[in-house]
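Would you mind keeping the following structure in view while I ask a few things?
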Amino acid sequence: MAGKAGATPTTYAPSPTTQKTKSLVFKNDDVDWVRPDKRGFQQCRPAFFRTGAVNAASGSAYAEFGNTKVIVSVFGPRESKKAMMYSDVGRLNCNVSYTTFATPIRGQGSDHKEFSSMLHKSLEGAIILETFPKTTVDVFALILESGGSDLPVVISCASVALADAGIMMYDLVASVSVSCIGKNLIIDPILEEESCQDGSLMITCMPSRYEVTQLTVTGEWSAPKISEGVQLCLDACSKLAKIMRSCLKESASSLEE
Amino acid sequence: MGLPNVSGDFSSEMDVDAFRRLFPLRFYERHLVESIRPDARPLGRARDTTLALGAVTSTDGSALAKIGLTTMLAAIKMEVMTPSIETPDEGCIAIDFHMPPICSPLVRPGRPAEAEPVVSKQLCDTILSSGMINMKELSLISGKAAWMAYLDIYCLDADGALFDAALLSAVAAFSHLQIPVVSMNDDGRVVIISEEHQEGKDPVNKEKRKLTLSSIPFSLTSILHKKYILADPTAEEESIMDTLVTVVLDSSGRLVSLYKPGGTVLAYTSAIQDCIALTRQRVKELRNILDEAVSGMEVD
Amino acid sequence: MEIDRIDERTPNQLRPLICSRNVLNRAHGSSSWSQGDTKVLAAVYGPKAGTKKNENPERACIEVIWKPKTGQSGKLEKEYEMILKRTLQSICILTINPNTTTSVIIQVVSDDGALLPCAINAACAALVDAGIPLKHLAVAVCCGLADSGDVMLDPTKLEEQKMKAFTYLVFPNSVFSVLPEGSLQVEGEPVENGIITSVTQGLMSVSFKFVQVEDYLHCIERGRAASAKMSAFLRRSLQSQLPSDTLKAG
């Protein structure tokens, strides 16, 4: 057939390589630079949530933070895999994958093992697993477009989807990350900022209970910077949880009508 | 479901939803006798269809298509390749269809859905044999560089007629495609010219920013059941009645594909002609929907 | 309107058919089918207990595994598996052995065009050999469409590449019946005119007022004529081998 080569030829993206020059801009003038999207250092991107994005699932949510767009579907509680042993508490099964076009350079679109296990860890503590013994709840996430802070968005979106599916939780799980660039802490970093960060910190927490379900710190951090970053994240999480809650309330009230 | 007389004598003793789950085929046949479907559609009518172009900003062309609840996201990324020796001035298209685990309870991670490679292959055959895209338009420098268009289609919500929705999103993504302006740099690589600094390089493809799409293919899947023809089936309908016919016609009315993979119902000439007639109507609808979506983009 | 074919066949002429059954020892049923230089081996195992996940346990389940001549199976093989599975499902009586799985394994020996129809014919003969209950047999045929609009039956690989379009058609075989003439008609057409499977590739066009499907209808017509001949051949070759069955049983 025309245009269908037997073996796929090697290809490359024609995007210009200007990444290096940009990271210099960030570092040199320490205080005065502005973020690429003109936000303040401690200002999050506008968050948008919508439940019921996927009808085939028992619960689902779509989240959009700037260019970061994710969909999370929740299936179950349903029969566990046959190979699984008996368990008197429910099981949680998480999977995160990227589309091939999510990243600026076309990827493979394969499963992201690290994110899958991190998503599992951050949700595990919030779900009341005793309510669905012997069965499994599946939480599947697809990152449609990667625009930075992908994992925190996936986690927050997953907890909205779980609530939409009617899975019992102690509280909603909200997640926010900060990047450390030079002397500055910037919250909710975008892809460009993440690519030149010195360190990053992510918190997932249950704001109403003031409990942290997961905390990851990577890169270069000083002790006072860490506690500053944690505080920043916790404040942002409680604000984010309000947005998530209002989204759920809205969908619930529209159901009633 | 809003049709009290359909369930007749049964309704008094059994809840309609219970009847639907226990005797799905009989539930459907009661409706078909009345020429109506449980979602209140006449047999020959397709579900509401919407199209949104430019859903994914990081790609060169993208579209989100919804037919009823079935949702497809298609996006194109352009990369550069060295054309093969046999066709030095032709580009290439690589089409892939994905069913991520989010789209249906039947798909599990790590185990690709059965339909995935089949729909992928069908899309590939349909788009290439329809001749919608002239591969010569994807050429940059004869023998040296040509475009490889990677088209990836993701099913976000699976509720029947997957091929129809996938094909619609694919053709819409191609009509939204904006080819980046590129030039050859000193190392012989093709790079995008950013708008701020043009560096005095001559762009290779100043005029060819859009593809001319000749004869766009559109499709309609129908179910054959007894003497009935149900257009644009939902996932429930597909699971109950097993004979599917997919007809693809292009905008100039030629038959691109007639696909009937088995099924218990045999297709006779009259049924085939009816399916084609339904598709012909549907092609007009889809054409309008695509045209509206494209002209909507131009206003912005 | 006569067009030259490389092997000097007439447009309506099929390549020589060879069908032999019970070619494999360990399989419950097997056959080899060749059309000219295209040759396919089919083996049937089963019915085995239990059905796969996502299959209806109230019916017999059919599983098809397609082995290409060389290399691993890709998208094309997966598509063929699906088409073959659905085609065989439609001719088998699935209610007789519920909650069982019958495996059909197709091994391509050589491919010289019309591969899928050849595999369908082989699978059908292998099912008969294995004694799987069938409603009727199926005969598959490939119709190629030349640029001039002429239909050529059973094209070779070389011809397939030159063709602007081709279609694979599967029909039920003609039924011998004691019932009076005409009682086996559906909508005024005999049963064997119904299409079980249709797969097309390439554009079909003729200048016609509204929809240009004439090419396709033309293919169907020729395909039907050929399928009658093929079903006669299939019947003959299955009957001639029946004595061996009784020997095997004894």
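When the chains are written out, they are named A, B and C in that same order, and each has its own residue count from 1.
The rule is simple: contacts are C-beta pairs under 8 Å (C-beta built on N, C-alpha and C of every residue); 3 or more make two chains touch, one makes a residue touch a chain.
For clarity, every value in this text was computed on a predicted model and none was experimentally measured.
Trainee: So which chains are sitting against chain A and chain B at once?
Mentor: Output, common partners of chain A and chain B: nil, no chain qualifies.
Trainee: Please find which chain has its CA centre nearest to the centre of all protein CA atoms in view.
Mentor: Chain nearest the overall C-alpha centroid, as shown: B.
Trainee: On a CA-centroid basis, which chain has its centre farthest from chain C's?
Mentor: Looking at centroid distances, A is the chain farthest away.
Trainee: Quick one: report the Å distance separating chain B from chain C, using the average Cα coordinate of each chain.
Mentor: 29
Trainee: Centroid from C-alpha atoms only, then distance chain A to chain C, rounded to Å. What do you get?
Mentor: Using C-alpha averages as centres, the distance is 50 Å.
Trainee: Provide the list of chain B residues touching at least two other chains, using ranges where the numbers run on.
Mentor: Counting only residues that touch two or more other chains, chain B contributes 124-125, 129.
Trainee: Which of the residues in chain B end up touching chain C in this complex?
Mentor: The contact residues of chain B facing chain C are 106, 114, 117-118, 120-122, 124-125, 129-131, 242, 245, 249-250, 253-264, 266-270, 272-273, 276-277, 280.
Trainee: Which bits of chain B are touching chain A when the two form their complex?
Mentor: 56-59, 62, 69, 71, 73, 75, 77-82, 84, 90-94, 96, 98, 100-105, 108-110, 124-125, 128-129, 133, 135, 148, 150, 152, 154, 156-159, 180, 182, 189-192, 194, 235
Trainee: Note which residues of chain C are touching chain B in the complex, please.
Mentor: Contact set of chain C toward chain B: 54, 74-76, 78-79, 82-83, 85-90, 165, 167, 170, 172, 186-187, 189, 191, 193-205, 210-213, 215-217, 220.
Trainee: Which residues, counting only chain A, touch chain B once they are in their complex?
Mentor: 1-5, 8-16, 18, 53-57, 60, 67, 69, 71-73, 75, 78, 95, 97, 99-104, 106, 109, 111, 138, 140-142, 144-147
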